[in-house]
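In what follows, chain A forms one complex with chain B and a second complex with chain C.
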Partner chain A sequence: MIRYTLKRLVQSLMTLVIVITIVFLLMRLMPEDGYFGDSYEKLDEVQKEAILEDMGLRDPIHIQLLNFYKQTLKGDLGKSIIYRPKVDISTILKSKIPYSLNFGLAAMFISLGIGIPLGIMMALNKGCFLDKIGTVYIVLINAIPSAIYYLFIQIYLTGSFNLPILFSVDRPLSFILPTISMSLGGIASYAMWMRRYMVDKINKDYVKLARAKGMKNRKVMISHVLRNAFVPMSQYLPSAILFTIAGSIYIESLYSIPGMGGLLVDAIQRQDNTLVQALVLIYSSIGIFGLFIGDISMALLDPRITLSKKAGGK
Partner chain B sequence: MERKEKILEVKDLVVKFRLRGEILTAIRKASLDVYKGESLAIVGESGSGKSVFTKSFMGLLDKNGFIDGGKIKYMEKDLSTYKKEKDWIKIRGKEIAMVFQEPMTSLNPLKTVGKQIKETIELHRDIRGKSSKEEAIKILEDVGISKASMRYDSYPHEFSGGMRQRVVIAIAIACNPKILICDEPTTALDVTIQAQILNLLKRLKKKYNLTTIYITHDLGVVANVADRVAVMYAGDIVEIGKAEEVFYNPKHPYTWALLSSLPQLGKKGEALYSIEGTPPNLFEEIKGDAFAPRNPRALNIDFVKKPPYFSISPTHKAKTWLLDPKAPLVEPPEGIKNLNKYFGGKRDE
Partner chain C sequence: MNSKKIVKLTDSLNDNLFQFAKFDRRLAKKSGYSNYSYWGSTFRVFSKNKVAVFFLFILVILLTFTIIQPYLPNQMSPIEIAIDPDTNMQFVNHPPGKEFLFGTNSIGQDLWSRIWSGTRTSLLIGILVGVWEAIIGIIIGSLWGYIRSLDRIITEIYNVFNNIPTTIIMVLLTYIMKPSIGTLIFAMCITGWIGMARFIRNQIIIIRDREYNLASKTLGTSITKIILKNLLPYLVSVIMLRMALAIPAAIGSEVFLTYIGLGLPINIPSLGNLINEGRGVMMNSTLRYQLIFPSIILSIITISFYIIGNVFADAADPKNHI
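Now for the complex of A and B:
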C-alpha cells in the first residue's frame, strides 16, 4: 500500500511537471500585448522591448522555463498585469477562494446528500416509479446543455420566487439559486454512477452466494453490494468534489460571484497572461490531485489493486 | 437399498418464469424424494431445469420466477408456500446450503475469506467475535486449506480456483446444513483439481452426515460420487434409480441418448455421438413425452400422451411408454450395453 502510494505520488508529480511545462509553452504562444497592461497604447517598440526584457521574456526559452519552475516551486505565482496591475496573484486568489469554497462546499453537500441516496434507492427499486423519475431527471440534466437550464433558473425562478438575480454578500437569499444550479449536475451524475455500479454488483455471483448463505436482503445490499459499488465511486468522487469546490466558471459569471471561476473568464477576456497561467496551473493541479486521491482511496478499499506488473487476479 | 427416511419430498413441482410478457414453464410437475444421508445426482443437458429445480428448494429463483403448484416438503414444512424472506433465511445456509459452480466469482473480492466464512457462521449460530473466528479457522482446516489461521486473512484473489472452491464449500458447510446442493461444483476447475474437490465433498459428507445433491452434466462426476441418479429433461425427471441401475440398465430413450454421447464411447476416427435437435420450447405447452421429437425410436403414443412412471425395480423408475406391457420391444443402442467397463472400477472406491 505504501509502495503503491509512493509510486502513484511520483507519477502525479511527473504529470504535474509536464503540465507546468505545457502551460508555460502555450503561454509563450499568446500575443505579447498581454504583458503591457493599460499603458499599451502609449508605449513605443523600444519601451515594449525593454519591459519584456525586464520581465525575462527575452531570455532563451530554456532559461525562462527554468526560472518558471523555480518560481512555481517557491509558490510564487507571479504578479497580475492587467486585472489588478502589480498585485501578487496569490493575494488576488486569497480574496476569491472563500466565495468559490463556500458555494462549492454547499453544492457538494447537497449533491452528495441527494445524489448518492437517490442512486442507491434507484438501484434497490430498479424499475419502479422512483427509478423511472430519477432516470428522466438524469437524462434531462445530461441532455440539456447546462447553460440553458442555468439561464432558465436565473430568469424564471428569480421572477416567481422574488429572489435576487445577482449575488451580493449581505443578502443570504442570493445564495440560493447559484447553489441549486451548481448542485443539479452533481446530483444527476452521482445518482447515475451510484445506481449503475450497484446494479452492476447486484448480479454478481458473490451476491447470490451471500443470499444463499441465508443473509437478509437488506444486509446483502449494505455489506456486499453497496460496499463494493463504492470502489469505482471512490475513484471518481474526489476529482468531482474538488472541481465543485474550485468553483463553477459559468455560474460564477452568471450571478457575478467574485470567485475563482469567474476570475478565469475575466483573465482570459482581458489577456492577463500571468494570471491565466497561474489559474490554469491551479486547475490542472486540482485535477491531478483529485485523480491521485481517487486512486489512493480506491486502493484502500480494494485489496486487489497494486501497481506492480506481476499482480494477477481479475 | 433399504428404505430410508425421506429428508426432502418434492411433489409435482411446477416452476414458471415471466419473460417479456410470456410465461415460460421451467419445471413441469417434477417429483423427487431425497433420502437422508444419500448422495443424489441430477443430470441433464443445459436448460433442462436442473439448477432452477434445486434453487426453488432455497427460494433462490430469480425475481421473475415463481412456484405455480406442487409441494416441497422439508421436515414437515412445505417450502413451496414460503414467500417471505424471514422464513427463507431460516432455511438457507442453515438447513440447505449450496455450492455454486463459479469459484472464481462466488467470493466477494473485497472481503477476506475468513470474514466471509465468519459472516456465515454468525448468521445462524449464536457465537460472535473470537469464537466464531476460531470456528471459521477450524472449517478452513476442514476443507483442506493448510495454515488456515494464516490464510484466514487472505483475500480471494490470493487463492487459486481450487482453493477458492474449497472456501465456497467451507461457507456452505459452516452452519452444519442437512442438505448440501452442489451446482456443477467442478465444471470450472481443471481435471486434477476436480478429483480433489470431489474427494473433499465425499469426505465432508461422511464427517458432517450431509445429504448431498449434485447437479451436473458430467457423467464421470456422477459415477464417482452418486448413490442415486435422476435424469432430468425439459423440466421433468424422466428416469431415476440407483447409479448402477441407471448406468447399466437405462430404460428411458433420453438416458440412452445421454449415455451414448459419453466421449469414452467414441471410436477413434468417428464423430462423437450427439443428440439430434434441440430441447423443446418451454414457452409452449408440451404434449406427450417431451423427448419424443428428438427420439428416433419414439412411439406414436409418445406424441399424444405423457407417460407415467413405470417401475423397473423398487428403486428404479422411468417415464417412458416403452415400459408399458403393451409396448413393442425396443432395444437400447449397442454402445451403452457394456458401460460397467468404464465405470465398474470407479464405483468400488
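Now for the complex of A and C:
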C-alpha cells in the first residue's frame, strides 16, 4: 500500500511538472497586450520593451522556465496586472475561495442527499411512475446545456417566488436559487449512476445468494449492494469536493457571486495574463491532486484491490 | 440384396426432390436456422422504441430544414439589417409576427434566419468534433490496446491529459488562439478523443487474447485486419453512442465558451452567440423571445441526439436482439 501510494505520488508530481511546463509555454504564445494594464495605449515601443524586460519576459526561455518553477514552488503566483493591478494573486484568491466553497459544498450536499436516494428508489421500483419521471429528468438535465436551464431558472423563478436576482451576502434568500441551480446537475448524475449500478448488481450471484439465504430484500440492498456502490464513488468524491473551490463559472457570473468561477471569466475578458496563468495552474493542480486522493482512497476502501502484490506479502 | 434392377438412372429420380424449397419461417425456426442479420435486428429493436423514433423523425426534419432553409424563397440573410421602408429606421426588436416569424434582434436582424444559420454553424462544429473523436479515439485506442509496446507511452500521455480538467484546456486554447470556428473545433478535439480511446483500449485488452484471435494470428492475419475485422465490430454500439453524445456536448461547449467570452466572433451567427444575445435582454419580458426561440431549437437538437444515441446503442448491442 505504501509503495503504491509513493508510486502514485511520484506520478502525480511528474504530471504536475509537465502541466506547469505546458501552461508556461502556452502562455508565452499569448498576445503581449495582457502585460501592460490600462496604460497600454499610452506606451511607446521602447517603454513596452522595458516593461517586458523588467518582468523577465525577454530572458532566454529556459531561464524564464526555471524562474517560473522557483516562483511556483515558493507559492508565489505573481501579481495581477489588469484585474486588480499590482495585487498579489494569492490575496485575490483568499477573498474569493470562501464564496465558492460555501455554494459548492451546499450544492454537493443537496445533490448527494437527493440524488442517491432518488437513484435507489428508481432502481427498486423499476418501470414505475417515479422511475419514468426520474428518467425524464435525467435525460433533460444531461441533454440540455446547463446555461439554458440556469438562465430560465433565473428569469422565471426570481419573478414567481419574488427572490432576489443578484447575490448579496446579507440576504439569505439570495442563496437559494444559485444553490438549487448548482445542484440540479449533480442530482441527475448521482441518481443516474446509482440507478444503473443497482440495476446492474441486482442480478449478480452474490445478491441472489443473499436472497436465497432468506435475507430481507431491504437488508440485501443496504448491506450488500449499497456498500459496494460506495467503493467506486470513493474514487470520484475527493475530486468533487476539491473542485467546489473552483466554483461554478455560469452560476457565479449569472448571480454575480464574487467567487472563483466568476474570477476566471473576468480574468479572461480583461486579458489579465498572469491571473489566467495562475488560475489554470490552480485548477490543474486540483485535478491532479483530486485524482491522486481518489485512487488512494479507493485502494484503501476496496479490500479486493491489491495494487502491489509483492509489498502486500511483507 | 438389392433385387430391383435399375435400368436407367433417371427413371428412379423424382424431379420434385430437386426443386428449391420455399422459405418458411416456422419450419426454419424448428430446425434452428435463423436469418439473423445484425443491422436488421438493430433496426428492429430501435424502431420498437416509440420515443426514439419520434425524436429521430423530428431530428431528420430539423436537419433537412436547416440545410435547405437558405434556398427557400423569401428568406432574409442572417446578417442583413432590416430597414423599415416607411420611416427609414431599422426594425429594432420587432416582436414575432407575420413579417418576421421569430421577430428581430436589437439591431434589426431577422431572428428566424439567424437561428437556422446558427444551427448550421453549431451542428457543423458538433458533427466535426464527433467524427474526429471517433476517428482518433478508435485509432489510438486500438493501437493502445493491441500493441503491447505502446501501452506504457500512451498510458503516460493519457495520464497527463486526464489529470487536467477538460474545461481548462478548452479555455486556455481558445484564450490563446484567435476566435474562429477552427479554433473552437481544435480546442474541443484536443481532449475529445481521450474517453473513447480509453474505453476502446480496455475492451480490446479484454477480447484481444480470446481463442479466435489467437487462431487468426497463427494463420498469419495482419494486425490491421485483426483490429478491423475481429475487434472493432464488437465495439460498434459504444462508438456510435459516444459519437452521438459528442455532438450535444460540443454544442453545449460552444454555448459555454461564448458565454465566457471566448466563442465565435459576433458576426458569425451560432446558437451560442444567439443565446448570449438573448441573455442580454432577458430581463425585459417583451424581448424575452430572443432568448426563448434559440433555446428551444438548441434543446430539441441536443435532446434528440442524446435520446437517439442512447437507444441506438442499446439496439446495436447484440445482447438485446431477439
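Here is the rule we use: the second predicted complex is superposed on the first by the 302 of 314 C-alpha atoms of A that agree within 3 Å, B and C clash if a C-alpha of one lies under 4 Å from a C-alpha of the other, contacts with A are read in each partner's own complex, and residues count from 1 in each chain.
Criterion: a residue touches a chain if its C-beta (ideal position, glycine included) is under 8 Å from a C-beta of that chain, and two chains touch if they have at least 3 such contacts.
Here the structure is a predicted model, which means the values were calculated and not measured.
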| item | value |
| --- | --- |
| Fit or clash between chain C and chain B when superposed on chain A | fit |
| Touched partner set for A:Q269, first chain B, second chain C, both or neither | second |
| Which of chain B and chain C A:A123 touches, first, second, both or neither | neither |
| Between chain B and chain C, more extensive residue contact with chain A | C |
| Partner chain(s) touched by A:I148 [first = chain B, second = chain C, both, neither] | second |
| Partner chain in contact with A:L291 - chain B first, chain C second, else both or neither | second |
| Which superposed partner A:N228 touches (first chain B, second chain C, both, neither) | first |
| Gap in Å between nearest CA atoms once chain C and chain B share a frame through chain A | 5 |
| Footprint overlap on chain A, where chain B in one structure and chain C in the other make contact | none |
| Chain A - residues contacting chain C, complex | 11-12, 15, 18-19, 23, 26-27, 29-30, 139-140, 142-148, 151-152, 155, 165, 243, 249-250, 253, 264-265, 268-269, 276, 280, 283-284, 286-288, 291 |
| Residues on chain B engaged by chain A in the complex (per definition of touch) | 58, 60, 85, 88-94, 97-98, 100, 102, 104-110, 119-120, 123-124, 155, 157-158, 168, 171, 175 |
| Chain A-touching residues of chain C, taken from the complex the two chains share | 159-160, 162-165, 167-168, 171-173, 175-176, 248, 251-252, 255-256, 259-262, 275, 279, 282-283, 288, 291, 295, 298-299, 302-303, 305-307 |
| Complex interface listing, chain A residues touching chain B | 204-206, 208-217, 223-224, 227-228, 231, 301-304, 312-314 |
